[in-house]
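Same chain, two partners: chain A is paired with chain B first, then with chain C.
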Partner chain A sequence: MMGKKTLTFMLMDAPFENARTTTALRLIDIAARRGYDINVFAYEGAVYMPLAAQAKHANAVHGHDAAQEDHPLPREWVEAVMQETARNGGKFDWVNCGLCVDERGAAEAIPGVRRGSPADFWKMAGASDNVLVIPTK
Partner chain B sequence: MKVLNIIETAYRATLEEQDDPVVWIIHAMKGAGADHDVLLRGNAVNYTVMAQGVPPLMFGDRVQKHAPRIAEQVAGLIAKGVQVMVVRECLAARGIGEEELMSGLTMVHQAAVPKMMNGFDQVWHW
Partner chain C sequence: MADYILIESRDPFESAEVGSFLDLADGLAKEGSAVTLFLVQNAVMAARHGAHVNFPDNSHVRSLAALAANGVKVLADSFSLQERGISPNRLIAGITVAPLSAVIDHMAAGRKALWH
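Let's look at the complex of A and B:
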């Protein structure tokens, strides 16, 4: 059996714009199911991923009202992987880059998200078994 | 005004938006009376393959409903009268046979694209 790991993910893309956000969360979800300790440092547009104000909407092109559409919200996905980590005995630490938050006015995040700096990412990386950087292309 | 939309980047935010945002906005503008045609090139030629599907998406216990159905969304454009063109060379480079594609498409050669642009007032490259 593999021992408990600590993984750090650096995410950079804003949600709703490419496939990397979903791919990153899929990888994090696998780690969560294994009970790993998970660190995420959200840099640049990625600080929008846990934005509390994200809201579902209807979609006339799809012919759905808001309930039928059940629009994906990355804040719910982030919350779900946090809960999955806790269920499996892992620790989850999501740090939003503070300066990135300020320049975007993205301060209202879901519970469990804290404000930090690149120094936090440096500490996370040094204390991890591995680090995966998923940058904006 | 007639616009040619060249879609090259494929599967951009499709899981988070439950569709391709470019195909979606063309649908929405078409509904508002806009005159659009579409040219698929690069990886976006895969949008015309019928036998594609998205596996269920789940994070923790959060199950995401309504996976994107890109081929259906492109076929919907054709049904609305949008001409959807596909670059043959891009299909061939990816090993995609014409028998795998939806009906109603217009095949074009790469070399014919510049001249074809003359038939449009604007060209938007997505």
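Let's look at the complex of A and C:
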């Protein structure tokens, strides 16, 4: 394995809508398992990904209650990659774009998420070995 | 000269922009860069044996086989293939099945990474 790296990802998609969210978290998870330092700058709808208010729900069509439905929540995936990074000795920094948060009323995020601006993305990119921007369609 | 990992996520039968991205891969390779094109999500639909990304309305799109023949390393995400029921044994010649970790490998190696 190569030495420790720092990778930065910019995400823009809102959760629950597109496979890009899943692929982005798969990529981040791979980096987390390697113990890399990971930065994420969430822009536009992506600030909803770590929204603390996300809740599992029942599925009346299938006759499932919330526990049986076990609906996946992106905030849990975000929390999981944060924990995986820490387990493997990496650092994880998730910054939500503050203006995007205000526009969407998405201020209540899970622990470990901080508020910032595109200037933070610039700093992250400058301090990283590589950067991947995953834009919306 | 920089080397590249280009990540294509869209189906060329759905998005005409894919052609421009494949042209970019071809152009970078011709200029001497090492170029890997990683197909993920619906982009793997074009990797199926018998699929023609340059037919009939995508005449400007370079076929994936031609890209591979011209020196672009074309990889298809194993998970995306499995999700769509595409057998790894039924891909266009020159396309190799790879895990998503190949993208992180290339990023860690310092290749410029572009997503479409």
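Worth pointing out:
Keep in mind that, in the parts below, the second predicted complex is superposed on the first by the 136 of 137 C-alpha atoms of A that agree within 3 Å, B and C clash if a C-alpha of one lies under 4 Å from a C-alpha of the other, contacts with A are read in each partner's own complex, and residues count from 1 in each chain.
Following the convention adopted for this analysis, a contact is a pair of C-beta atoms (placed from the backbone, for glycine too) under 8 Å apart; a residue touches a chain by one contact, two chains touch by 3 or more.
Since the model is a prediction, treat every value here as computed from it, not as a measurement.
Judged by the touch definition given at the top, the superposed model places A:Asn130 against chain C, while chain B stays out of reach. Look at A:Ala31: by the touch rule set out above, it reaches chain C but stays clear of chain B.
Applying the stated contact rule after C-alpha superposition, one finds that A:Ser117 touches neither chain B nor chain C. Of the two partner chains, both chain B and chain C are touched by A:Ala19. In the superposition on chain A, A:Ala80 contacts chain B only, with no contact to chain C.
Of the two partner chains, chain C is the only one that A:Lys5 touches; chain B does not reach it. In the three-chain superposition model, chain A touches both chain B and chain C at residues 19, 26. If you check the complex, the residues on chain A that touch chain B are 15-19, 21-22, 25-26, 29, 32, 59-62, 64, 69-72, 74, 76-77, 79-84, 87. Those residues of chain C that touch chain A in the complex are listed here as 7, 9-10, 40-42, 79, 100-101, 103-105, 107-111, 113, 115.
On the chain A side of its complex with chain C, the touching residues are 2, 5, 7, 19-20, 23, 26-27, 30-31, 34, 36, 129-135, 137.
Chain B meets chain A in the complex at residues 11-19, 24, 27-28, 31, 57-62, 64-66.
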